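Shared between the two complexes below is chain A, which has chain B as its partner in the first and chain C in the second.
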Partner chain A sequence: MTAPLFKYGLFGDEISLIVAFGIGIAFGFVLERAGFGNARVLAAQFYFRDLRVLKVMFTAIVTAMTGVYVLSRMGVVDLSLVYLTPTFLWPQIVGGLILGVGFVIGGYCPGTSCVSAATGRIDGIVYVLGMIFGLIGFAEIYPMVENFAHSSALGQITLSSLFKIPYGVLVFAVVVMAVVAFVGAEWAETKFGGKKPDADSLLAPAKTLAPSRLLAGGIVGLGVIAAVSGDPYRGPFARVDTRELALNAGTKADHISVDQLADWLVQGRNDFLLVDVREPAEFAAYHIPEAINVPLAALSPDIADRTERIVFYSDGSIHSAQAWLLLKSLGYSNAYMLFGGLEEWKDSILFPRLAADATPEQKAAFDKRAATAAHFGGAAQTGVAPATGTPTETPKLAPPPPPAGDGAAPAAVKKKKKEGC
Partner chain B sequence: MTDSTDTSHAPRPHVNPYWAGFALGLVLLTSFVVMGRGLGASGAFSTAVATTVHAVAPAHAESNAFYAGYLGDGTTHPMKDWLVFEVLGVFVGGFLSGALANRLKFVVEKGPRIANGPRLAFAFVGGALMAIGAKFALGCTSGQALTGGALLNVGSWAFMMCVFGGAYALAWFLRRQWL
Partner chain C sequence: MIETTIHRQNPMIDPAFHAWGWEIPVYLFLGGLVAGLMILSGYHIIRALWDKDRAHGHYVTAPILSLALLTVGMGALFLDLEHKLYVWRLYLTFEVTSPMSWGSWILLLVYPALAASALLTLPQTFPKLARRLPFCSRCAGALHDCPRVVQAIGFANMLLGVMLGIYTGILLSTLSARPLWNSALLGPLFLFSGLSTGAATIHLLAHVRRPDSGSDDFSDAVLSALVNWLRPPAPGHVGTQKLEHADNSFLTVELLLLGLFIVGLLSSTEVHQRAVELILTGPYAAAFWVLVVGCGIVLPLTLQFLQAQHRIRSTVVPALLVIGGSLALRIVIVAAGQASAWTVASH
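Moving on, here comes the complex of A and B:
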């Protein structure tokens, strides 16, 4: 599973803009080819004269729908990483009605108006100006309508989970519905538009295997496969490569030592995400500088990019190991856990101890440790207990107060721009 | 598509709608696979408007929650946005296709029974309504109907039905503009 390519970190933001430009060119090209740069062609839809809008839109929908379904079931695409615009039912119903009214008045929708303006249609250019005017107007009334715009929120939800119908069955139903609508559209065009079905239409008089009939047959075929193939969403069930996990654990490739982490923090490296999986209260009492707090129960599949280096820690090792396993199974390739956890961090980094019978080498190493401890607000201890033998009593050392740089604004949830339209 | 040896300057006929739709579906599918997101249009205009207002009246734009949503956190320029670049591509792609099919022409598209002035007024009003509708719905025909339709998104399907509903409900009153 390596797609969506961008979400798996195959390329960065800069390249994504080039991709956007390329996809846009293809999008605009196809819209113009379809005749959608012409308001008369688009408006004919609403008088049953020429139902190109319905045919193009629904063919596109069923093509992309069956395509992404098949690729998900084959394990190529992780559908849960494809952005789904959240549903706000009433605003979307009202917005749809307003947009429909605007469509028949103006003759375009935003995408088609760009193509229309680019091919010199003056009404298309004026339409774009009207759209800009409308956006400025909407911004001014936004404070008044903001509550409504966020009402009846259902979250990111598919028809499959709303109606409890298997996703594949729904794919099949939509395909069948589309083909029935196409046949109905061709019939309406003959009746109201006085058009004769041409050779490459579903209702062509000749009983040949016209290309469009082959296309319809192919997509219905994929729909039938979908109906019996199950859910394309990976859902909460993940797959792990047990050999890889065992190898990681056996070679300690899954560990970051507290010394390594301290070095990274002292160097000010920002190429990793440090995640504290303890409860918020414990996090508030003390956390390692730069850490963000994501309690184990709140760990979600979209905590960060799949390729981000993530280091988990908890008090000991158990919770961070659980978080590590969870993320590994979700396809995060760069998850690590802090060996020994916060206990080890306190013992080795914050409050290192020098045994009374230490060798000169140990003493030299200890001086470095003492400096590191001071950096993190701890204090080195000398001659408290011998390195071997029974530890007498451990001094109750309170960790220093949490660093000023509050972890409440974690890097993973930094304010992102809207992904949708 | 017409024969490529056709050298006349008459506009070429439009492509068979099923094949245009199939191609459009493949573009959308490519976007899903490569980017993990669908197509869009209205969002790019929102970003452009927000950026312009921010340049003219920074305080006003920052205090408005709608504009602020399109300005990002200031770490990158707001126009360095996926949808903005995609829509720039739409203009280029539309122009290329129009040029190749002899369809580039400064003309007002309308029915025979309406003058240019009223038609342009309708276009302006329609565009303004469309923008408001798209902002309530969190997307337009591209971002909601097409993209969400293919992902079986609940809101997108409700939206799509209402677009057709709203348009058909008003079509009879506007027949002089188109027929």
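Moving on, here comes the complex of A and C:
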């Protein structure tokens, strides 16, 4: 439940436990206040006498659904990062049936049984104990059913992707379904439970705008907005601010020079991600130290956090510029390309040349370049060619020395955190 | 020249030197609990002198229970000793500046005070046992005939209880090598934690030993209480309600002291800030916020507040939470304190 904030790395394991404690208390409190600690209330819905469970659950569903939709349209939540439980069709049907049988026998679902046990009900305590023994039993027989449990895998699917209907239309449909269910529940409670509808019931004949009607109207309104306002996923389609991009490119705010990159690498800075967008074979032949290889075709929208500083390079400038444009359009604010690419890196950093007729100032600056070249495994070329002449034979590239650490390139994505629902 | 120590105080050998295991937190917990029980039962003994209706309260079991708990706590302390056979040497001297010396002498005085109050309450606690021990009954009767002696026993219990409760905290705060413990507030904090635990324990006893169960036998009462332990105590018992009020005040003071303890360290040197961050956001944060603050103080405070207003029924749950939270407080403070060190300043 702490998923979105925890996953963005806003807090660590310790704080996530504290947040989970708070959410758990609040969740238990709400369930208890809704009366879900009582098996009779839970069972009454199957006799259509008291449909509190249906109302509370549907309210929770539409609140979460419209809330997540609105937040993702506002750009606060990235829906593609929200964890979805993968679907295994047949195992989940069987598991659902077992859960249903347990629900019928015990009168609780797992969550409500904890609420019931916490309020001191004996049947709730017995149910929780049964659940614990059931878990132990399942863990014991799991090796026998493992093959079945992994069968008929459908991956992470959503209703909108399965039925090929727009996400917003689905939100609208569920909202309408919920309002119909609320009205139907009120009707059933009157018909089977003998309850008189409350004054602010959706069924009541009064013409006033009771709070419940306002809320129902509001949620339907949100559903209508969702239906017409498009897909909330940050998918392959992106929008770009062309003026901003043009300004970036025009003021050279979009690139860094090879000298700057060399300085960063010599200083051992690790606040940026250096990405080589060439093919793996070329990457294996030579790459700038600390770089990771992400071929242009494999560039995914989730390469790193959207605020991370990313530097692209390729042989020249074309491929890195394309990668830069792609990531800019996906909302990465700190994407850069290496000006001149690997060619410039070789010419200026690895094998700098000094003209024979250089001034003393140029010679002094060249000493620093020679030291930098030696650091990256290159060699300075003195006096072999004039500064403005055509380059002579390019020396053979020596592979860079292995990094000092364990040799692994810095991971593109931060440590993967626990998935959870 | 860089001088390097090659024993365990070198952070590269032992980043956090944990010398104390479970024994010390358990002893501190039981010591604090006994201190709270002594103060409460001492107060009750004095009150009972002029208010005869209160003579049969839930407090009567406290002295005998305290004796047993303190013995268990002393056993844990003994297990922690490096040279167990030399324990008697503590009683050959008295060092004014050593909290350990103070503690060993306080503990030596606590026992007779507890034994006297236990003798005083024996006929009420275990009537059958008292009938079999006529000497004890006669002694108790003789004591009851001298109100001044009874009063002295009550005062002695209260005074020694306060000393014992504060000492459990001062024992830690004088160890200057551990920055987390460098706060004199640990003494009052542990005292009030002990008081709330004591009140919760007596509350628990009120549920276990029901005066209306009709049986004098303690084991019978325990069994019957186990069967219906979730029921509220018999109506009309003002005692438990007063206990809830008292426990709430103790918990509130404890919460305030805990806040002051944290603020005090946070406004101190960087070493102390790093030390208190261990329990605020560091590796002990989850245990501290969830078990100590959440389950140990805020939750029982809320529950007892609602109980006092008769909005929810009275159960043993808050009492159990308070006792668990008090133990967790000692474990977290002792463990995090040992993880804190002055060496963080050089990192």
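Everything that follows uses one rule, which is that the second predicted complex is superposed on the first by the 229 of 421 C-alpha atoms of A that agree within 3 Å, B and C clash if a C-alpha of one lies under 4 Å from a C-alpha of the other, contacts with A are read in each partner's own complex, and residues count from 1 in each chain.
Definition applied: a residue touches a chain if its C-beta (ideal position, glycine included) is under 8 Å from a C-beta of that chain, and two chains touch if they have at least 3 such contacts.
Please read all numbers here as calculations on a predicted model, not as lab measurements.
Enquirer: Using the touch definition from the top, say if A:V220 reaches chain B (first), chain C (second), both or neither.
Expert: neither
Enquirer: Please indicate which partner A:G120 is in contact with in the superposed arrangement: first for chain B, second for chain C, both, or neither.
Expert: Both: A:G120 reaches chain B and chain C.
Enquirer: First (chain B), second (chain C), both or neither: which does A:L17 touch?
Expert: Once the two structures are laid over each other on A, A:L17 reaches both partners.
Enquirer: When the two structures are laid over each other on chain A, which of chain B and chain C touches more residues of chain A?
Expert: Comparing touch counts on chain A for chain B and chain C gives B.
Enquirer: For A:L245, is the partner it touches chain B (first), chain C (second), both, or none of the two (neither)?
Expert: It touches nothing on chain B or chain C.
Enquirer: Is A:A284 touching the first partner chain B, the second partner chain C, both, or neither of them?
Expert: A:A284 contacts neither chain B nor chain C.
Enquirer: So, A:V41: does it touch chain B (first), chain C (second), both, or neither?
Expert: The answer is first: A:V41 touches chain B but not chain C.
Enquirer: Considering only the touch criterion stated at the top, classify A:L299 as touching first (chain B), second (chain C), both, or neither.
Expert: The answer is neither, since A:L299 touches no partner chain.
Enquirer: I'd like to know which partner A:A358 touches here: chain B for first, chain C for second, both or neither.
Expert: Neither partner.
Enquirer: Which chain A residues contact chain B in one complex and chain C in the other?
Expert: 13, 17-18, 21, 25, 120
Enquirer: Quick check on the complex: what are the chain A residues that touch chain C?
Expert: Within the complex, chain A touches chain C at residues 13-15, 17-18, 21, 25, 120.
Enquirer: Residue numbers of chain C touching chain A in their complex, please.
Expert: Within the complex, chain C touches chain A at residues 230, 281-283, 285-286, 289-290, 294, 299, 315, 317.
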